[in-house]
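Two complexes, one shared chain (chain A), two partners (chain B, chain C).
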Partner chain A sequence: MVQILFFIAAIGAVGGAVAVVLLRNPFFSVLALVVHMMSLSVLFLLLHAEFLAAAQLIVYVGAVMVLYLFVVSYVGGADEPIDDAGVPRFLAPVLGVSLLFVFSLAVGGSGLKLLGTRGGDLAEGFGAPADIGELLLTRFLLPFEIASYLLTVAAVGAVLLARRRRGLEPLDEAAGSRGEGAR
Partner chain B sequence: MTALLPAGLIEVAVTAPSVEYGPMLPFFVLAGGAILTLFVSLIGGDVAQRLLTPLTAVATLLAANAIFAIRLKEPDPSVLTGSLALDDLALIFDIIFASAALAVAVIAWRSKSLREVGRGEFYSLLITAVLGMTLLSSATDLVALFLSFELLSIPLYVLCASDLRRNGSLESGLKYLIIGSLASAVMLYGLAMIYGATGDTNFYEIADMLAKTPAASDPLLLVGVGLLLVGLAFKASVAPFHQWTPDVYEGAPTPVTAFMSVTTKAAVLALLVRLSAGPLAPVRDNWAIVLAVLASITIVVGNVGALRQESLKRMLAYSGVAQAGYLLVGVVVGTGLGVAALVFYMCVYVLMNLGPFAVIVARERAGAGDGLRGMRGLGREAPLLAWPMTICMIALAGLPVTGGFIGKVLLVQAAVFGDWAWLGVMIVIGSAISLGYYLRVVAAIWMPEHETASDPSAPVLAGADPAADPGAHPELIAVAVAAAALTVALGVYPEWLLDLARYAGETFIALGV
Partner chain C sequence: MSAVLSPPPLSEVGFETSVAAQIVVAVIVFAVMLQLVPILLLAERKLLGRLQGRYGPNRVGPFGALQPLVDIIKLASKEDFAPRTAATAIFIVAPVISLFTAIATIAIIPFGDTRTDGLFGADYGLYGIDVSIGILYAFAFGAIAFYGLMLGGWASGSKYSFLGAMRSAAQLISYELAAGLSLVGVVMMAGSLSLTAIVNEQDTMWFVLPQFVGFLIFTVASFAETNRAPFDLVEADAELVAGYQTEYGGMRFAAFMMAEYMNMITFAGIATAMFLGGWHGPGPGWLDPVWVMVKMAGFMALFIWIRATLPRLRYDQLMSFGWKVLVPLATLNIVVTAILVVLV
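Presenting the complex of A and B:
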């Protein structure tokens, strides 16, 4: 059962990722990305990372991807197939293949050792929501706080950048167009 | 209640972590100061806006700096909440960050774009970036490392795009965001692999684990370390990951360029020093040679790239790439002397880089732009700007009687004593090439005026109000003169900073357990 589920999810993950790149229509690309994300969450579930699987489903599939779909639908990206003019065509595949090579090296070198075993020696409850919650409030309290501060800062930054869209009032003196100008 | 919970969960006894509020004080000051600045900027009135907000920011940075300075050399390398070590190595770099931010707060004070974009937001983001850097220099945990790296980066992305009048600024911010996100993603991959290979995120645990098992040949770990270094190299603009640097530096508002050109490098190097003392020490043989090759490529690419630049900001960007190469040598050597040289050179670099940027801002405000042309006749027109610029250029080139010379000598000495003599040779060659462009600036400053008159592009200056002489910006002159004076002071009497640098070196050795 686990094996079957694994292969279904693995094929879905790889197939979804390939489809994102190959499909010319942005709308279908986003849908393929949804398939990829959902397959990943199944893989997480098989690794006993229940919290991660749920978070993946809710945050990515549920929120981020739906947002993408809305944007693509509203902006009308579906009418204009992605045009990759300007970037050398060979560059992306070369980078992708070299990345694949590096990761295969990493995983093949040490990850395959555990292939026949039941995986790492983990404590009971590792990766469970309660465990993660406890870690966030104890050992990773500081990173947790940094993350919340980061969100505040991102909001401030977004407000700052939004001023550009509001439009600027005309300069009070012509010299100001040089940035600082004379005062 | 018990019945509702699955068995096993109830026994989880959560003990609250001991948060050392006292030692954490500087971080609280910075985090609170950033928020306070935002609130102060809500107070109405032009005077309040023009004075109170910058003053709040400056006060915050001064307070943080004072705490850092007081805590320096206190024998208390405490680990805070398990993910921070505010030891002397971190404190020295923290003082660099906060001081650079202070100078930049002054440089940016009367900038017109600041009013449009909102003073509160600008200063708040500046302080937050400093907070991210101070956290990064203290981080002893991979999770804290990544999050403080982001806390440093995100304000800078926004600050780069903060000049609303110029499209170049938005382009700069966007470019930096995309490249920076790529760097973060690569680094995160690396961190995940390091965690996978060692089973822990804590620096000390990783070091213990690697010391016990001969994991040096573990490809997972090595690929992880490699990706981590690539991510950091992007941020520190180490060649061949430097391509974004000139464009971003040119497009960003000049005060922001001044800030990030010095501090992001310092933050990444502080982190590299800490990593090389702890978790990466057992696999030093694997990465030191890679970093050495990167350093020499960086020195050559930066110096050669700077030769042909007409925009001073682009030139300083390439020069910054080259300086990153020099500084990396200190990490590669990895001895106490290497770290001491790195710390000394870093301090001097901050001074001799902030000086020119203050002058460039002054020239931009006078309507002369940031080109090499804008420097012509400066010697006659505004000697108080011309002299600091000249001194800083000479210092950047590494000529004697300046701190830059002492710093380079220290780096070469560290390289030779650490059996990396060829890196020392690279530094010398790089400095020789760099004379080609630093002296061009000096020549432009002191060239006779008639050269400018025949210049076809002179009408660009026609709109400049002759009354808007640089003397109208005393705070810029103050920053430039102070930076130049300190650079010379460090060249003539380097002992006090040398002591501090040597102390940092000893701290580094002590870290290595």
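Presenting the complex of A and C:
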């Protein structure tokens, strides 16, 4: 059962990732990314990271990808090819391969030791929200706070940029119609 | 070799119950819950009729009781067609996604505590599953459910459907946030995400009293999440014909319809477990599931009553109400609850 699930999810993850790059229609590209994310969350579940699996679905599938889909289907762009971004084409594979190299180094340096074994020992309640919450508020408090600060900066910056692009609107008027920005 | 490579089974880290108990409980829960949909359909039409000063369906069978059956036969005998502009594969898959996620969510609604009377040779619970992530499970499937509406609307290749899908995207994201935040107060008071643990915490006092603000926010947000009046802008018939389901007919339309009512049942079940004391009530232990059903029926009657009472909101009202009233109020509720939980 576990093996079957693993292979279905693995095929979904790899196939989804490949399809994101290969599909020409941006809408289907985004859908492929959704399939990829869902497969990842199944993999998390198989590793007993229940909270991570739920968070992956709620945050990425439920919020981030929804916004992608929203924008892509409004803007359309199925007729226009995605290339011609002003960057030479041969750079893409070069960058991709070098990224793969870096990731291979990182993976090879850490996780592969446990390959062929049953994996690490899991404590009672591993991957449960209580465990993760405690770690976030004790051992990883500083990274956690820095990450949330970074996200706040990004959100404020996005609002500011969006308002500037609209142009001539004076500040007090823009404050009155903030509800439209949230749309 | 494969046995060596596989991770430890779920039972080692999570819950454990016998396979027979799991199968029996799952079959019973889903058999009963699926039967609720036609009953709910009929109850809604009857109640709506009475609230509007008419009889409602009363022609087919005694008191019109066979009306849902006839409706289903009508829908089942219709042709499944797709518009020429539709993206056919996605058009077909969309209602399946909707229905699948709606049914999957029901698994976490608890109808009774974990039983230790050894009926199946092991402990078993009157619920589908009891996971450590608890209520997050419902929201995870809610996240996927959105794709049913979105893809259905997009793949129809029709402007009305597309606009309905776009509205559903904005509305569901906005109100899912409020619904999630409104439940955090309950989770903090119970100290657990698991629905059974939350219900067990309520044996002296239902959380609807200390968390009244949270209950109100959750109720309003659940109207929006299930696309019910006064938040049914997704399928506002006067402007969008029927929103994302405009181009659907036959059993595909029925699947969307059923998913909508299943979502209603699910939200009623979550409200019952989180706020209304779940299976707690007077009487012997075997009455537990009955109490859950009674409370859920009460919550669903509220859904119907509101539908008959309130007119539809305007789109900008919907957005500003969600973001400027519900979300700040839910956040405030969390802060106050957190302070009180620490102090008291």
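We adopt the following convention: the second predicted complex is superposed on the first by the 128 of 183 C-alpha atoms of A that agree within 3 Å, B and C clash if a C-alpha of one lies under 4 Å from a C-alpha of the other, contacts with A are read in each partner's own complex, and residues count from 1 in each chain.
Basically, a contact is a pair of C-beta atoms (placed from the backbone, for glycine too) under 8 Å apart; a residue touches a chain by one contact, two chains touch by 3 or more.
Values in this document were obtained by computation on a predicted structure and should not be read as measured data.
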item	value
Which of chain B and chain C A:L105 touches, first, second, both or neither	first
Touched partner set for A:V64, first chain B, second chain C, both or neither	neither
Chain B versus chain C as contact partner of A:Q3, first or second or both or neither	second
Partner chain(s) touched by A:L23 [first = chain B, second = chain C, both, neither]	neither
Common interface residues of chain A - those touching chain B in one complex and chain C in the other	124-125, 128, 130, 179-180, 182-183
Contacting residues of chain B [partner chain A, same complex]	8-9, 12, 14-17, 19, 31, 34-35, 38, 80-84, 110-113, 116-118, 121-122, 124-125, 128, 131, 135, 141, 143-144, 147-148, 150-151, 154-155, 157-158, 161-166, 170, 173, 193, 196-197, 199, 218-224, 226-227, 361, 364-365, 367, 369, 463-465, 467-468, 472
In the complex with chain C, residue positions of chain A that touch it	2-3, 27, 31, 34, 38, 41, 46-48, 50-51, 53-55, 57-58, 61-63, 66-67, 69-70, 73-74, 116-119, 122, 124-130, 179-180, 182-183
Contact footprint of chain B on chain A as seen in their complex	102-103, 105-111, 120, 124-125, 128, 130-131, 134, 137-143, 146-147, 149-150, 152-154, 156-157, 159-161, 163-164, 168, 175-183
Chain A-facing residues of chain C, complex	2, 4-10, 12-14, 90, 131-133, 136-137, 139-144, 146-147, 150-151, 154, 162, 165-166, 169-170, 172-174, 176, 192-193, 316, 319-320, 323-324
